[in-house]
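Across the two complexes that follow, chain A remains constant while its partner is chain B and subsequently chain C.
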Partner chain A sequence: MTIQFNDESFRDDYTFRNSEWAIKRFPFPFHEDSYMYSVNMEQHRGGPEGSVYEKRFDVDEHYVSEMKDRAIVLDQDPLRCQSLPHMTLAGWDLLELIMVSKSEDYPDLFELHRNGNQWRWINKPLGIDHSFTFMDETTLPYGPMEYITRQAQGDYAVLDQRDDMLWMDAGMVTTQADWSLDFDIGMNFFEWHAPVPLAHEMGVFQRALKFLLNIQQGAPARRLNWTMTVNPLLDTSPENYSKWGIQKTTLTPENIGRKQHLRVELQTFFRLPRSNALVFPIRCYLCAFEDLMTVPKWGRRLHRVVRDLPVELATYKGFINNRPLMLEYLSQFDDGLPTSPGVWPDLETEPPLTK
Partner chain B sequence: MSKFEFPKSIASRPVWGTLEFRSGEHHLMIAEAEGAEAVLDIATPDLMAKTHIIYIPRGTDYADKLRALTPAQFYEGPSYGAALPRIRRVLEDAHMGLQVYLTGTEGMMGQAMNEAMAVGLPHTAIQTEHRGSTARRMQCVHCKGITEDVEVDPFVCSHCGLNLFVRDHYSRRHAAYQGVRVDAEDHGNVPEPKGIYE
Partner chain C sequence: MSGAEKIQVKVTEITPLNELVTRFRFERVDGGQLPTFSGGAHTVVEMQDGGITRLNPYSLMSDPFEQSSYTISVRRDDQGRGGSLFMHRQVKLGDEMTISYPVNLFSLDLRARKHLFLAGGIGITPFLAQIKQLDVLHGQWELHYACRNQALASYADELAERHPHETHIYYDDQKQAIDLKGLLNGQPLGTHVYVCGPKGMIDWVCNTAQAQGWPADCIHYEEFLAPQPGKPFEVHLKASGKTVYVGEHESLLEAIEREGVDAPYLCRGGACGQCETVVLDHEGNFVHRDHWLTDEEKAAGKKIMPCVSRFEGKSLVLDR
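Right, the complex of A and B next:
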């Protein structure tokens, strides 16, 4: 299908909307009626047609507007994109991976023409037609990682691998769930995850690291993570928390369906060929509660997950104060019927709401 | 004396050790304030004959005691900033087998560790021992300014003036803990500051 790109904002007047198509393909993260941390990795080798898992780098109706929002963030704070000096080669690897993947997966939107190191990149949605020399930084307006990630939805953490450890040594981070690249750059895997409660004690990070160290070229992996965001704000950074934190207090029973969003990260992991670095794209999908409630199974399940989540997790995810209001709203969509296993909406087979 | 037992914390928070003699041709010891006591604890005539001591008193007076150890070189500097060019010069000349010992506040040790890492020493090869003040060097996540010697939580960012709470999340690269606006979700509601470890 041809994607109709939305003209929308993720700040100020918040005109962001999901079409019906986007709601149905939303990566609902709960495969059962409860949630606890797990490594939950699977191979990233496509998925059902039209789903967000189908392509290596999903492009959707929000693409153009998300890239405009990224440009605004970078204008205000260039420290959101940083790369330690030894990571330039990994930046070229990433540029190649994204250009090759997008031109193969979306030939109507992106073209890549290569003649030796002379490359021509055409990005139709953003109106870019650019010839450059691969591996020659002087032929690009930015470093290679910054250049390509200004044209790709989601955050990108580029991890160096040495001493059996992953190091956060480069990244483009403008749509993050409240962590600072500027602060965390240079940290190892355990250090940058240090503030996450419970998971260390459960051994989740030890297992995840073991898995990630062994990811091979051509065999990417993926997992989902989630949190809650009031208003469709992409830039929930700690840098700007002093400005957006107050928005969390604006929920009312009347506006919660519209304002409260489930924020899901599709995290993928690719080994890069020349640098042996690991790139960790973190793609953010937002969906308003009222849109999620159009899928009866998701309505029943979200209520049960939010209700039963341990206090530590609700606190860490930043919605402990709003949980009572959320439950009041969500309980209207839970009639107590059982739900089918798995994340899919199952609109044809799941019963409509009976209350 | 003046040893503080830090409570167990998260994985990014540095863990400081106890200085011990390690064999090496040259030894650089940077001691801030009560850190001088840690140097006195491990000093032997053989070790001191190969040691360059850099001492930053910050109101303490260990200079005579340290001098009495007759180290190969002794320097007393009025502040870390004043001592820094000398520290860099010494590290520039670092040969294989240089042993580095840092002792004093977390802020000094973190910054000096970065200097040593910049010339290629792995951070795991640098010895540390915390002594004296438990004040923290804090980075404001909002304005990026560093506030030195923070003893209370919350505190006022010395750059942008926001009231920040003190996190245990620590960046070796900034040699600082992270400070985050405490009243972001309720402007003006700033709790009464108390000691970080109270």
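Right, the complex of A and C next:
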């Protein structure tokens, strides 16, 4: 299908909207009526047709506007994109992975023509037609990682693997849930995860690291993470906390359905061939509460998850103060009926709200 | 599913290099391109040897950025259980085989200002790919390569010819030896040392470097252990409810697979940690041969790496 790209903003007047198509394919992250951290990883080899899991790098209606938002962030704060000198090869690996994947998965939108190291890249949605020499930085306007991630939705952490450990040695991070590349650059897997509550004690990170170190070429993996965001902001960074943190106090019973968004990250993991580094794309999807409530199963379930979430998690995710307001709103959509297992909307089979 | 992704290849060149070592070239059966890889990576080659499926890891020695073919070099091990003998005696030009995607447990540290390579015998193979990678990246390196004699010095001539300043060859039969202490002492700050060869050489290099105060993260080694034959023993697999007899010439992992039990693995050489298996009960002694478990873990007897390790005694029960 051809995608109609929205012209929308993720700041100031917040014209961001999800079409009905985007709501149906939203990666709702809860497969049951409660939530706790776990090593929730699975293979990333496609998924149901039309779902966000189908392609290696999902492209949707927000693509063009998200790339404009990224350009604004980088313009104001160039440190959102960093690559330590030894990570350039991994940058080329990433450029190749994204160009090959997108041109194969979306041939109507992207084309890649290769003749040895002479490459021509056509990105129709962004109006780019660029010939360059692979592995020759002087033929690109930016370093290879920056060049390609200015054209790909989601944040990218590029991890060097050394001594049975992962190191955050490069990244493009402009759509993050309150963490900072500039702070984390050069840190290892345990160091950058230090602020996360409970998971360390549960052994989640030991097991997760072991899994990641063994991710092999040709066998990518994925998992979901989630948090809450008031207003459809992509850039909820510590650097700009003064601008967005305060917006959390603007929620009222009247505006919460429109303003409060569930923020879901589709995180994938690919081994990069030439550098043996690991890339960790973190793709952010936003959905307003009132849009989520159009799916009866999600309405019932979201209420129960938010209600029963441990205080530590609600605090870490930054919505402990707004939880009572959220529950007041969400409870209207929970009639106490059981929910079907799994994350899918099940619109045909789940009963409508009886309340 | 266990192991890395698989690729169907055919053998397009078999080149005996000397009395012990033969080189094999693989190309994709479907004519497509092979994945690029990073220098130091290996592939696991599947061999259908009579009724037995053997899976042996071999370092990829070809140019990592070259996608039309892969090459490996196999040293014949007359004492071993037959993997290398199979490659030398049974594999013919045009044969179709299954190999795994490249897996790297011995990659270059790309932060290094300089890479110091120490090779012993067939341990030269991963360095051949790393040297080609560094050629492209304009990295600085130096190779010290110890061989038994000139006749068995695989690739020594072409290395010396192509990289006369970087390559240093030592022949045992001419009583030439690497002056390791002097060599390590003279390295500029930011040098990383890599060693691949027989176990004695790896220990010597690691211990000497450590004693001279080299940081542990600047010392890299790779030793693929081929599983060694040993006394037969019996193992009970609790989770699958099977009792398996492990023969003299098969590994514990191979015996488990033969019984149709899916067990995880990657390197099959005691290095990656994937096959780690919990021991539920045992009466007897472990023959731990892997590089994965710590000495304390080996002594505790609660885990075993079935790709290379064995057991001698009355009974062994695994959680598999």
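Quick note on the criterion: the second predicted complex is superposed on the first by the 355 of 355 C-alpha atoms of A that agree within 3 Å, B and C clash if a C-alpha of one lies under 4 Å from a C-alpha of the other, contacts with A are read in each partner's own complex, and residues count from 1 in each chain.
What we mean here is this: a contact is a pair of C-beta atoms (placed from the backbone, for glycine too) under 8 Å apart; a residue touches a chain by one contact, two chains touch by 3 or more.
Since we're looking at a predicted model, the values are computed, not measured.
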Discussion item. In the overlaid three-chain picture, which partner chain does A:R323 touch, first (chain B) or second (chain C), both, or neither?
Written reply: neither
Response to the item:
Partner touching more residues of chain A, chain B vs chain C, is chain B
Worksheet entry | Partner chain in contact with A:H261 - chain B first, chain C second, else both or neither | neither
Discussion item. One more residue to check, A:R274. First (chain B), second (chain C), both or neither?
Written reply: second
Item to complete: Examine A:A194 and indicate which partner it touches, taking first as chain B and second as chain C; both and neither are also allowed.
Response: first
Discussion item. Tell me the contact category for A:I246 with respect to chain B and chain C: first, second, both or neither.
Written reply: first
Discussion item. Per the contact definition in the header, classify A:L89: touching chain B only (first), chain C only (second), both, or neither.
Written reply: second
Item to complete: Considering only touches as defined above, state whether A:K102 meets chain B (first), chain C (second), both or neither.
Response: neither
Worksheet item: Can you list the residues of chain A that meet both chain B and chain C?
Response: none
Worksheet item: Quick one: in the complex, what on chain A touches chain C?
Response: 84-87, 89, 135, 160-163, 210, 214, 216-219, 273-276
Discussion item. Taking the touch rule as given, give the residues of chain B at its contact with chain A in the complex, in rising order.
Written reply: 10-13, 139, 141-142, 144, 162, 167-169, 171-174, 178, 180-181, 184-187
Worksheet item: Touching chain B in the complex: which residues of chain A?
Response: 79, 180, 182-187, 190-195, 200, 238-242, 245-246, 248-249, 321
Discussion item. Applying the document's contact rule, which stretches of chain C touch chain A when the two form their complex?
Written reply: 4-5, 35-38, 40-41, 64-65, 101-104, 107, 109-111, 133, 136-137, 216-217, 266, 272-274
